[in-house]
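These are the structures, in structure tokens.
Paired with chain B in one complex and with chain C in the other, chain A is shared by the two complexes that follow.
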Partner chain A sequence: MGATICTDKVILNQWHPISSVDDLKNNEQGNTILLEEDLSFNKISDEEVLIWKSADPSKKLLQAKLKYGYLWTTLGHPAPDLFSFPEFYEIDRRNVATGAFGVNISAGRAIENFLDMGHFPFVHTGILGEEPHTEVKEYDVSISENDDEILATKCQFYQPQAAVASSEGTDVEYIYRVPHINCAILYKSSPVDESRQDAIVIFVQPVGPEKVRAHTGMCIIDDKSADADIRLFQQTIFGQDKPILENQLPKKLPLDSRAETPIRADKSAIAYRRWLSQKGLTYGVIPSKDINLSRFT
Partner chain B sequence: MDIEFSKWFPVASTSDLPYRHIFQAQLLGREYAIWRADDGHVNIWENRCLHRGVRLSIGINEGSELKCQYHGWRYANRTAGCTYIPAHPADAPARTICNNTYQSQEKYGMIWTCETPDGTVPEIEGFGSYTVLRPIPINSSYKTIENFLTNVGIPKHQFVKSKSTVAWQFKLESGTQISFFIQPQNNNISILRGIYSLHIEGAEKIKILKHYNSIMVEIRDKLEKQDSPQLPDLEPKISQVSDQLSKIPVYGNQNQRFHLRVTVTEKVRISDNIIKLKLKSIKEQLPTFHAGAHIDIQLQNGLIRQYSLTNGPGETDHYCIAVKIEKNGGGGSKTIGENIAIGDVIAISSPHNSFPLLRNSKHTIFVAGGIGITPLLSMAKALHSMKLSFEFHYFTQSQDLSAFQNEIYKLGKNTNTYIDLTIDQTLSKIEKILETPSPLNKVYVCGPGEMIENTIKIGNDSGWNESNLRYEYFKNNNKIDNDSTFQIELARSAISLNVPSGKSILEVLTENGIKLESSCEQGACGTCKVSVLEGDINHQDVYLNSSEKRKGKVILTCVSRAKSDRLILDI
Partner chain C sequence: MLKLYDYELSGNCYKVRLMLAFLGLTYKQILIEFYPSKQHKSQEFFKINPLGQLPVISDQDILVRDAQAILIYLAAKYDRQKRWYPTRNPAMIAQISEWLFFANDLTSTSSAARLHDGFFYTDIRIEECRKRAHELFRVLDEHLYFNEQQGYSWICHSKNPTIADIACFPYIILSEEGGISRINYPAIRRWCDRFKRIPHFTVMPGVFPAGPDKTLDK
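Right after this comes the complex of A and B.
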């Protein structure tokens, strides 16, 4: 594998998304940056993609994995399997890659924004939220030790237009999963089938400690909307988040509990910061000086 | 350069702060959000919201508060204290989140600050009047620019040794002066600022600005061509919030009580000291209220306040309250006066009706003093719409006269307003109003404590039956004694509890999971009243009248206690 610029084992030993499968073209070289390293990749068949460090004259291959609509690679030694995401394989769902967004911010800040409901009325006004429906009601957060992931359930938030077909707003229920330090999945009731949930994903590619590409995707039960409309929706939402994210100071996610002021609405973000601290992550974050990390409430 | 955190530096021109703008500046690595409030005060705050670090300079200057773009939090002019968190209208903890603020001074057409500056901005000789030049950013260190100004200078100008350590002064033959200042944004980038020692306008000003702009650009070009060593950038220290603020506030038990969510749709100053608020429900229908009812409001700073509804009958799509802004009053009226804005979401309780209007009287007399008019107004509106007989007497000060004039006018003919009476004049008026007692009539009085006491006394002396003299205190001025220790037995639930000194019956009940409705919690509103089956009561409230107190069949659990060893309560 050779020396890497990034020396943080926690982030090195992860699978990282670098491209949507849709964007890969046979025998056409692509280039990207992961953890400050220039990488090149080339899809040679539907099953096989070659990835190497661009500057490596020997083109020694990095591990590659095609899963959940994305191409994943690593600069370290991750567990062989990615987290589970069974909805991706349900045959009546559509998986739409809704675009990769370059953002000058750390991966942690981007994930935290994805978990945050309180900003909907102010940042996604008229789409995901609207004043005066600003209250974030109590929800549950847990860290599953078996799966090593954060789960936030019973999240509810008022959405001005719950479905394309409805003209009235209503409370929508959300579930958030953080199964990977830089990936999160959001489930919300499907406007087409109330018994099932649409999934919206964000897989963040850390380009550097303060620079990411956020790969977004939707895994939804909807046979009507055109791909272009689904992409446009997600791009509108992310386009609203980007200027906020790029104006966060510091850009790295501070893990010290006394760096910022949480409120109850931030329970999932607090769990996320503690989870990262317990893993000993140092890349893209400002590590906590808090010694007592076991005290999770 | 040596880091000089105690020296004053200019960080903006006055013209950088137009109406309702927020200007972003940087000094010694730290970013500042600089904004002028409508009262003229220039706020210099660290440029990050303490919640999630978003730059405040992308927020909104609302005139007296700055609103963060991310979650709509609002911070007050001057103090930078957070006044509104839209995500949690209810159950606000009694803590104040404050952004980091820095000293600010406005002098020589510029805004000055630093981390911890000493004294005041130094005087610069010869600049009684001035014109501010266009500032020029330069990719150079403070030291490099300082050396240039001291050793090279500018053509046709003579360097004047300045008494001040912040200015580099130059003189023309004509005697007019230029003074330069250096604002070190960080170690390798600075802003060169300047002022000209005459106040000039129009074409002359443009000529001078252009002239010195080209001189300053020349300075920049020369400096940027120099091969100066690059210093590492300064990383501003991010100060920690207090331990208390770093913790997620606990989920309190207030949520059930404050279960209604309303939004402020109107906020009008109806007199010098009185503000009227109109509250509309966000989702569900507001519960029915009766004339005389009040609601509890949870304010953002954790305070809880009671306000009577002034609604007329049938006005069921909103609640109206009127709030007196006490000049040196507590946080409640101040918060409502200064921090609640139209569109804000607030949490309120259902209406409590502990001052009910009985409609079986032949004739009703209302005696209102000051802001005590609010519950009586709602009652009189109800009687007026039912065409029942009443008379309305309102004692007020001229400054508040305008507040309810329109509403009183609509009550018809039997209304009297008395303005600025002395205590003696008021008492003799009340004597006159109550001179003919009748068992078929009722008197309702609300106002300052002393006025209520006197009205009851006059009523009693004139021969009114005590049960026909009805009143509501807004607050209990009695000193509450909570030293005693006693037992309470709950007859219906067969539970026995100990009430220790320092705790009220209400608190002991709540701690043991027994929910009892309460509101003012100071013995004024009567919401927490329960029946007593056995035991002697030490009444400390101002709600029960003296015959009720004598009978000893009810107790206000928030303040009153037992004289005997135990009380048996009917709950």
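Right after this comes the complex of A and C.
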């Protein structure tokens, strides 16, 4: 695999998203940065994309995977399969890549913001929340041993315009999954079909320890809205999150439970930080001192 | 009815949305996706603006392109009190014009830096953009400070804000998305808060409303 700038095995041994499939053009070279390494890629057919380190004269190929509407690669040795996301393959769903956005923040902070409902009324005013409906009600969080993922369920929030297809405010139920250290999926009641849930994804590409490309996408039941309208809705939401994210200090995610004072609404964030700590992640985070000590004793 | 060819995350489009809100004008929004699909560079949109730039407005049979030109047009036509663009005051028009051109320089620096960081316009020379943006911010900060000393709250020497304020506001307030901090520009920060308290002020993604003005309680 050769030397890498990043030396954290936990993050090296992951699949990372680097482009939406929509953005790949046949035989047109693309360039991006992953974990501070310049990468180049070229789609040669619908099934095959070549990826290599841009500076490598021998163009030794990195592993590539086309899945869930994205191109994934790795600089290490990940498990062969990505996490499960069965809704992606349901035939009546629309899978829309809603755009990649550059954010000057760590991947952990970006995921944590995605999991947080408390900011809805203040940051996404009139869309995902509004005063005085600011309470984050009790919800359940578990870490699934089998699938190695975080699951937050029974989350409820009042939303004035929950989705592009919504016409009025409603109490929306959320489920959050964090099946990958830098990827999260949220499920929320579909405004079109009450028995099913729309899925919204954020797949974060760590460009550096404090810089990411956030790939956002929707997997929804909506046969009316145009792709562009779905994209624009999600872009508005993400555009509102961006300054909040970029103003967080420290930019790296602190894993020590005493570093920042959580409230009840942060239950899923606490679980996420603990989960990252247990994995021994050091890249883009401020590792917990306790964990460091226990490792050497 | 007025039609605005608009993109939510564009600061130049935001200028026009602000003007329309301040004037209380209703309009039809036609969304053009600047990113990622580059709809503003499509053959269809080139028919509306051969420069492939947003925003554009159409008002009956008149088509106006360029954010600054649109501000002039809307204020000259629809502001009955002639405050935003005092067409009968040549000295004021001269001042406003200076700052409209300054606003264009903000687009090529502060806005370009934002496109680089947030939307992957990787061929932009980012350090140069940031350096030049800071030079412009320094000039504006000093200008606003001396205006304050003379009792003026706005960019031009007038009691009320003008289209010069609207033209400069978006790429000042969005500057941090391009890695340009406003921490060293206190007069700019005070002006931003005043601007946000103009009646009918409206936000865009990345811009938040100001809290109540505490200096009024004293």
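Just so we're on the same page, the second predicted complex is superposed on the first by the 283 of 297 C-alpha atoms of A that agree within 3 Å, B and C clash if a C-alpha of one lies under 4 Å from a C-alpha of the other, contacts with A are read in each partner's own complex, and residues count from 1 in each chain.
Assume a contact is a pair of C-beta atoms (placed from the backbone, for glycine too) under 8 Å apart; a residue touches a chain by one contact, two chains touch by 3 or more.
The shown structure was predicted, so the numbers you read here are calculated from the model rather than taken from an experiment.
By the touch criterion stated above, A:118 is placed in contact with chain B alone, chain C being left untouched.
Taking chain B and chain C in turn and counting the residues of chain A each one touches, the greater count comes from B. In the overlay built on the shared chain, the residue A:101 is in contact with chain C alone; chain B does not reach it. Within the superposed three-chain model, A:254 lies in touch with chain B and out of touch with chain C [touch as defined at top]. Once the two complexes are overlaid on the shared chain, A:262 sits against chain B while remaining clear of chain C.
When both complexes are overlaid on chain A, the residue A:36 reaches neither chain B nor chain C. When the two complexes are overlaid on their common chain A, residue A:138 makes contact with chain B while staying clear of chain C. When the shared chain is aligned, chain B and chain C each come close enough to touch A:243.
Of the two partner chains placed around the shared chain by superposition, chain B is the only one that A:270 touches, whereas chain C remains out of contact. Chain A residues in contact with chain B (one complex) as well as with chain C (other complex) are 243, 247. Residue ranges on chain A touching chain C, taken from their complex, read 22-23, 31, 99-104, 213, 228-229, 231-232, 235-240, 242-243, 246-247. Those residues of chain B whose C-beta lies close enough to touch chain A in the complex are 31, 47-48, 50-55, 58, 69-72, 85-90, 97, 238, 240-243, 245-249, 251, 261, 263, 282, 343-345.
Residues of chain A touching chain B in their complex: 112, 116, 118-119, 121-123, 131-136, 138, 243-244, 247-250, 254, 256-267, 270, 297. Only residues 8-9, 31, 33, 35-37, 39, 117-120, 122, 176-177, 179, 204-206, 208 of chain C touch chain A when the two sit together in their complex.
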